[in-house]
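Every chain is named by a letter (A, B and C) in the order it is written, and numbering of its residues begins at 1.
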Amino acid sequence: MDWEVVIGIETHAQLATRSKIFSGASTRFGAEPNAQACAVDLALPGVLPVLNRQAVEHAIRFGLAVGATVAPRSVFARKNYFYPDLPKGYQISQYERPVVSGGAIRFFSAEQEKTVRLTRAHLEEDAGKSLHEDFQGRSGIDLNRAGTPLLEIVSEPDLRSAADAVAYARALHQLVIWIGICDGNMQEGSFRCDANVSVRPVGQDELGTRCEIKNLNSFRFMEKAILYEVRRQIRTLEDGGSIIQETRLYDPERDETRAMRSKEDAQDYRYFPDPDLLPVRISEDWVAQVRATLPELPADMRARFVQSYGLSAYDADLLTGSQALAQYFQTLHQLLGGDAKLCANWVCGEFLAALRRSEREVQEAPVTPQQLCDLLRRIQDGTLSGKMAKELFDVLWQEGGAVDALIAQRGLSQISDAGVLEQIIDALLAAHPAQVAEFRAGKDKVFGFFVGRAMKACAGRANPEQLNALLRQRLAG
Amino acid sequence: MPLNDTDLKRLARLARIRLEPQELASLAPQFAGILDLIQQLQAVPTQGIEPLAHALDLEQRLRADEVTEADGRALFQPLAPEMEQGLYLVPQVIE
Amino acid sequence: MMSIDLENTSLRQLSQALVTRQVSSRELTQAYLDRVQRLDATLNAFITLDPERTLRQADDADARIARAQAGPLTGIPIAHKDIFCATGWLTTCGSKMLSNFVAPYDAHVIERFNAAGTCTLGKTNMDEFAMGSSNETSFYGPVKNPWNPARVPGGSSGGSAAAVAARLAPAATATDTGGSIRQPAALCGVSGIKPTYGRVSRYGMIAYASSLDQGGVMAPCAEDLALLLNTMVGFDARDSTSIERPAEDFTAQLEQPLQGLRIGLPKPFFAGEGVSAEVQQALESALHVYRSLGAQCVTVDLPHSGLSVPVYYVLAPAEASSNLSRYDGVRYGWRAAQAQDLIDLYERSRAEGFGPEVKRRILTGSYVLSQGYYDAYYLQAQRVRRLIVEDFKAAFAHCDVILGPTAPTVAFGFNEKTSDPVQMYLSDIFTISVNLAGLPGMSIPAGFGAENLPVGLQLIGNYFDEARLLHVAHRYQQVTDWHRQVPPLARL
């Protein structure tokens, strides 16, 4: 039987705020245990939540970026369950009236543009952490993370493969960083995905029973976990078994998913509107103000690069990988005053490769757009060959300096002076009369011999096109 | 519809309150009385009436995103029944 | 030595005596502490006393008076309900669950009283987590009614009411979720006010039912209450439901004439059902007084008020079941010994830490919120709540204040209603609707019934109309002396 895979993704993006969503405690990562858990975060008796304006604004910003509806009136609800990392015994979340409803994410997968619809995105508070080591069979609770603002972004089950799911997650990751609402740091847990996975026979309308996979803290694990889970479900069904709806944890060490024991109890979360908080009103003015500060979005920019600059979809996608990279490219293009293709080739090629090698961010690149522009100008005016330019780029990256000064200092300029080249060629032909005769007798292969010798004679600096043309001219006699 | 012992036990489990058998026995009739009381609401016609969460029609005030709370460990940790290395200790959490 | 009559001196007079140095705060505070020492073994009105701490505050107040920086309440000792967190004070909320909780911060109410220069006389006894109408649910044992120690003082603020009635304190803070200020005030023969929801910050006031809880205060007379509200009421950014309004002087209009006042008499409150003859009679007499003061009476209808008890016993337990989930034995409070695992730790800590009434309400609340019942109970109760609010709005189109009984009977005996929770719940039948609507309400002494037990009169005002309520009460107290009666026990 042929199976269709159905995937929906729930993402928790930690919102970039200084203080927590309902308290004035810091959200900084890496503090001493419980140093950033204030009375509200610890749920001491009598303390109350007050909503952080910035968290709401980030949610609005996201809603606008994905073309969703931003609710004019939004409500917080309590999700009740007991867990030691949840100090109040309930999580303040949103249930019936989230800030954001609908919207879509566009992304590239296998060179194709695809769209995934979003169900909703709502604000909620994060829980603390349970640490299991070193306490003789006991767990230690650190509540520093408790109360950190999260945006939970829920996709529709529109994804049909693990590769698409990862491409969606990457695009979402790129977007939340792009619009400045999340730092995207996956190691620190700022961007976490859960996948709802089910399978059904091809052609069947009804969805299969789904399992939720948690703990997907990298894109690589996400893909492997989904692939494993799909195989598990198909195998189970083909063996005549059935899928139990459950929460499963991905174990990267063993590359498998397993049912979570702590979630065995059928949960009844008893959602109800939080009586400590009032409805949040989001005015049209506020939405308009946020809209005015929204940057051009990656999907729009990608389309513009293809349309206005004639770049390939692949290059445009690469260049819009981050706002910083796109900015670098655009600055370079502006400085150079055109030739987007040349700019794109260099940014996507040498520049990105150098970044990767040195494990740096775009902002930390030692070669500025102005330096790269100077370099590209010398390619355009024929001073540098492509090969020489690459060498010079490496020098700029390693040691810095001004392009023209380096060219002069290193004697790197290309020889495009026809008189100089002709002298070299004439001397060469005079020194090898036998090969000249061979060529003239129709042995075309000898041409390569002359090119090599001529290049050697001028230390590789000859303009290759010009050298070729002059050589043919002279050999033709 | 009165609740039987299984229902009460399920509720107690949900609320994380251990009930001793004698408590369960006295709770059952009391709970039946409470259910009778709140059952009266079922007869009230409320079609088209919006539920009311707060008596006063107010909206949420928003806080500026500022860190106002200092490290309060010295104040809060002496309250804890069991702590080690700054962490609240509980029986093993199983995931 | 001190020459002040602690039985019948108003706060204004006490303040005068302090400012003119007729008495020091230390002397006054010590005199009250002595009364507590003498009488509280009988009454059990206090859970925690800390005379050293109290007298330190008195000394600070004396220094402040000496610097001529005293405010109207500086140097006056005040008892605080044990629901308000006060730095360095054991704050139990009447529960074993918090029997070891020394608060590391002040409630907003405490902050304001401290800033005004009052001294915390002690923390008063109360029904556990404010759940009760007789003070019998307190982990610290029931409070006795000073008028007859075989009777309940009402609840949940029974300790505050008994302390003020027996003049163990000139005033006491309290809270009111379904009648917890007004009903004990009535049963103990003192005055008490619950302001409009949102007037008094709930920060540091241990939550029972967040959408209904409101802090307030008790004292012998309305004039005292007005002075206390001047200090207590105010905006607090830490409570999202706190209301920002310009400051108001609640004493300003006390002396205005009552001429032309329209008093609304709700039909259901006078229908006779459940209201005892002695309460009826006291109400009739009070109406007679009001008419003689120039007020006119109009009948108003509150057709849905009969449903307020069932609405309350859905909404309050629902909110409570969630509010009390934080008490899990992990970060503070009672923790069961030798738990086998995490769930066992939770289940046993909560089973040991909570008393039966709290457990009943948590279970009721969990039930009405659970899958399949939420719409039928919780949402339906919220819809009926709206109907109740609309009733009041309609009534206030025809009257300025609403008058009725505070409680259906005078103080009842211990264990009279403990076996049947619903009978206990019905003792708040006249007070609960006011919380559901978020309106201000008060109770003032209006006579005595059988066995010399006090009867309370309830006044309900429109939103933010506390000043008018206090005015209406004050005018009545100028021509009656029910509020000046002191239980014989207080003279021992």
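The definition used in the following text is that contacts are C-beta pairs under 8 Å (C-beta built on N, C-alpha and C of every residue); 3 or more make two chains touch, one makes a residue touch a chain.
None of the values given here were measured: they were computed from a predicted structure.
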Checklist entry - Hey, which pair has more contacts between C-betas, A-C or B-C? => result B-C
Checklist outcome for this item: Outermost chain relative to subunit B, judged by CA means, is A
Checklist entry - So, what's the distance in Å between the C-alpha centres of subunit B and subunit A? => result 41
Checklist entry - Hey, how far is the Cα centre of subunit A from the one of subunit C, in Å? => result 58
Checklist entry - Where the CA atoms of subunit B average out and where those of subunit C average out, how many Å apart are those spots? => result 23
Checklist entry - What are the residues of subunit B that contact at least two other chains? => result 14, 16, 53-54, 58, 60-61, 63, 72, 76, 79, 88, 90-94
Checklist entry - So which stretches of subunit A touch two or more other chains? => result 39, 42, 44, 50-51, 82, 84, 141, 268, 270, 275, 277-278
Item to check | Multi-partner residues of subunit C (at least 2 other chains) | outcome: 101, 104-105, 211, 237, 240-241, 321, 325, 328, 330-332, 342, 346, 366, 370
Item to check | Residues on subunit A engaged by subunit C in the complex (per definition of touch) | outcome: 39, 42-51, 78, 80, 82, 84, 87-90, 141, 268, 270-272, 275-278
Checklist outcome for this item: Note: in the complex, subunit B contacts subunit A through residues 14, 16, 53-54, 58-69, 71-73, 76-77, 79, 84-95
Item to check | subunit A partner contacts - residues on subunit C that touch it in the complex | outcome: 84-85, 91, 93, 98, 101, 103-105, 107, 202-207, 209-211, 237-241, 318-319, 321-322, 324-326, 328, 330-332, 342, 346, 366, 369-371, 374, 378
Checklist outcome for this item: The residues of subunit B that touch subunit C in their complex are 3, 8, 11-20, 23, 26-27, 30-31, 33-34, 36-42, 44, 46, 49-56, 58, 60-61, 63, 72, 75-76, 79-82, 88, 90-94
Checklist outcome for this item: Interface with subunit B, subunit A side, in the complex: residues 17-19, 23-26, 32-40, 42, 44, 50-56, 82-85, 130-132, 135, 137-143, 249, 260-262, 268, 270, 273, 275, 277-281
